[in-house]
Amino acid sequence: MSKHKSHRIGQLAILLAVSEEPGIVEASILSSDYQSCIGRVGSMESNKIVAAIETAAKKNGFIREGVYREAHALYHAIIEALHGVTRGQVQLGSFQRTVGLRFAIVRGKPYKEEAEGEWIAVALYGTIGAPIKGQEHETIGLGINHI
Amino acid sequence: MSKHKSHRIGQLAILLAVSEEPGIVEASILSSDYQSCIGRVGSMESNKIVAAIETAAKKNGFIREGVYREAHALYHAIIEALHGVTRGQVQLGSFQRTVGLRFAIVRGKPYKEEAEGEWIAVALYGTIGAPIKGQEHETIGLGINHI
Amino acid sequence: MSKHKSHRIGQLAILLAVSEEPGIVEASILSSDYQSCIGRVGSMESNKIVAAIETAAKKNGFIREGVYREAHALYHAIIEALHGVTRGQVQLGSFQRTVGLRFAIVRGKPYKEEAEGEWIAVALYGTIGAPIKGQEHETIGLGINHI
Amino acid sequence: MSKHKSHRIGQLAILLAVSEEPGIVEASILSSDYQSCIGRVGSMESNKIVAAIETAAKKNGFIREGVYREAHALYHAIIEALHGVTRGQVQLGSFQRTVGLRFAIVRGKPYKEEAEGEWIAVALYGTIGAPIKGQEHETIGLGINHI
Amino acid sequence: MSKHKSHRIGQLAILLAVSEEPGIVEASILSSDYQSCIGRVGSMESNKIVAAIETAAKKNGFIREGVYREAHALYHAIIEALHGVTRGQVQLGSFQRTVGLRFAIVRGKPYKEEAEGEWIAVALYGTIGAPIKGQEHETIGLGINHI
Amino acid sequence: MSKHKSHRIGQLAILLAVSEEPGIVEASILSSDYQSCIGRVGSMESNKIVAAIETAAKKNGFIREGVYREAHALYHAIIEALHGVTRGQVQLGSFQRTVGLRFAIVRGKPYKEEAEGEWIAVALYGTIGAPIKGQEHETIGLGINHI
């Protein structure tokens, strides 16, 4: 029997990315069947954001090295999350703006039915704004995919 | 002197929308200078999402009735939040999908400098998916604007 | 020899749509080889904007009835103009907003070289905003296509 | 050992949707391990396109009834295919245009490595244009997802 | 009492950007309460367009140096204007195209009600096309925001 | 009298781009009044895709050198085709992905009515994915324009 309710995977990813004390959230993940990791990335180049999250996912064993199926699932989750961060055109430097993000990746079984299998959630939270200190506001994005 | 750090306004909005016990978050808002309200809306029509948030904002006195400037600030914050929810085309029914969202609106002064004035944050959190029970996953969006 | 400089066709369309006294602009069009017409349309449905401009173009003989090639050229010019009006997602009612527009269509030869042939410009100017009187600001769009 | 080369799944879907004699293509599918079905749908409402393809997929046993994971994989493949059909904003009626499409769904293992598992391809081919007979041109779209 | 009608701010920005004799338009601005400036920028990089307009706005005292609130208002007005210029994806060099633009910034109170306060309009007008002389057509964009 | 049915131009372009033996398709083009060419391009930069197709079109005499009208028709067909390839944001390298494409350009008269004149179709087919060998899936795009 599942220890957690349906579709909490995104919530955990969001809280990990947003919380100043992710330790509390991580504890609730430890008591669940989810795997998670967090990281930070700042850039004016969106491809660097994608690469940083992919690297963290591989390093932490969230996606199997060399299995495109899993890289594909993660990739689309990242791109969906970037849509929330950018709110329109997924452009950073070409829009004269930069981001400083904390990201969280959570993988596990969010649905009670065994047939639903594993899913992956990518949450991004941080600031977006001009490449001038302080000229920025918060932003968030979440992408979820079956894996 | 400000009681809170820069740009926490989005974080509070997110936590209000995401938390299962928003009471804890609301307490931390009460101790700050922010105003906030939460609500729920579910629809296949994106205009109903917009209207529900606008109505809540007006009813709670977050934007002054009849002042377009404030309605304009809120409107763009809502639309930006919807981009995170929909991740691409801001379409629900025409994409054969529906959302069930909790929303939070937070208004206040997120920056230490007095000249930065008031800002508004709109966070949306919930599920998006097929109009079939259970066939949905989580989604989030955040829009922030000066008001 | 051409009586007008290159690519003035858009400028004329814009001035016809924007000017409070389009008569002055029309005079300058009469002295050129351009054909033009103006009209008005207000709606929360983008398809009604498209249809109104198409109807005006046909009624004024700007595009030949039954010739898809010309309808296709006009159609893409209209859609491009709508992008300027909506600035992101080309949505009106589903975004809880409405437009009141004056439109101008100009057809003619904007380039000196005979091989460049005829082009069509569609300019839209007016207001966009909430379906509440006064809660709106100005907007413009221009689409240009070879025909 | 696999009987087919890597990533031919999309090619088969395209040929099924485009060919005037899909029988020839179907023969080559029969000799492979792929499953496929074709159908037709015409509409000014994009949600009807989505629903028609989902219904065909369920009826033909391409996705397991009640398994969201599979519906989710198919859904995103359909939406991606619609981007190719609409080339910008995924809008039909609100853009005063309609489509008449043949669609093909192919499911199977396009990669040699067993770990890559099953994928699904959705191809759409037909015409898009004004709701006036003959005022239309061809269009295509392809969406591919792991399932 | 206001000397000008509601929402003329965009019209003035457009006329300043479009007119060959902006002097006439500037006279009508002088007799109003609006502030305005014009400039030119040509580039294949959209961030250079953004930066050029931001620099002009700061140099002319249209936005207060170091006040993010004002930079934020201007930024979103610029991005909205770029949507009109690019009509779809806000991309220049990556789409193998370049722009040559005249821009106008107008700041002031476009509404009769004092509570509406100040707004900013950014108009862009010029040519867009291949990086080959003469292979271009006109384009326009307008962004308006409360400031 | 026309030797071919209405709007087959896209179908021919698709088959030329997709087929492993384009010779068969080319034969059917030879027996028609269409002109066609095929080429290959792979890149992480979308502008290189645009440039490669434009160069092939010029070299093969599909568009008249120095005639903007024809370059404009081709350009918009290419951009429309890229929408199908990228399915959302028309971005490659900035999305940490690359494409390997075969392209086909077909020019001719797809409609029976003489007034419909010439049209151009651009089809792109190949793979899109991570810049890692094998981590890619198929993609297609088609753009059609009057010329």
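Letters A, B, C, D, E and F mark the chains in the order given here, with residues in each chain numbered from 1 onward.
The rule is simple: a contact is a pair of C-beta atoms (placed from the backbone, for glycine too) under 8 Å apart; a residue touches a chain by one contact, two chains touch by 3 or more.
Which chain is which protein? Per UniProt: A, B, C, D, E, F = Hut operon positive regulatory protein.
Because the structure is a prediction, the values reported are computed rather than measured.
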Quiz prompt | Angle (degrees, nearest 5) of the CA superposition of chain C onto chain E | solution = 180
Practice problem: Determine whether chain B and chain C, two copies of the same sequence, contact each other through the same residue numbers or different ones, counting it as same when over half of the numbers at the interface appear on both sides. | Solution: different
Quiz item: Would you say D-F or E-F is joined by more C-beta pairs in contact?
Solution: D-F
Self-check item: Identity of the chain that, by mean CA position, is farthest from chain F
Solution: B
Quiz item: In whole angstrom, how far does the Cα centroid of chain A sit from the Cα centroid of chain D?
Solution: 29
Self-check item: Rounded Å distance, chain D centre to chain E centre (Cα mean)
Solution: 43
Practice problem: Report the inter-chain centroid distance for chain A and chain E in whole angstrom, where each centroid is the mean of the CA atoms. | Solution: 36
Quiz prompt | Where chain D touches two or more other chains, by residue | solution = 68, 72, 88-89, 91, 94, 111, 119, 134, 136-137
Exercise. Can you check the complex and tell me which residues of chain F touch chain D?
Key: 6-7, 9-11, 14-15, 18, 80-81, 83-88, 110-111, 119, 121, 123, 125, 127, 134, 136-144
Quiz item: Which residues of chain C touch chain D in the complex?
Solution: 45-47, 50-51, 54, 68, 71-72, 75, 79, 89-91, 94
Quiz prompt | chain D-facing residues of chain B, complex | solution = 88-89, 91, 93-97, 129-130, 132, 134-137
Quiz item: Of all residues in chain A, which touch chain D in the complex?
Solution: 64, 67-69, 72-73, 76, 111, 113, 115-117, 119, 145-146
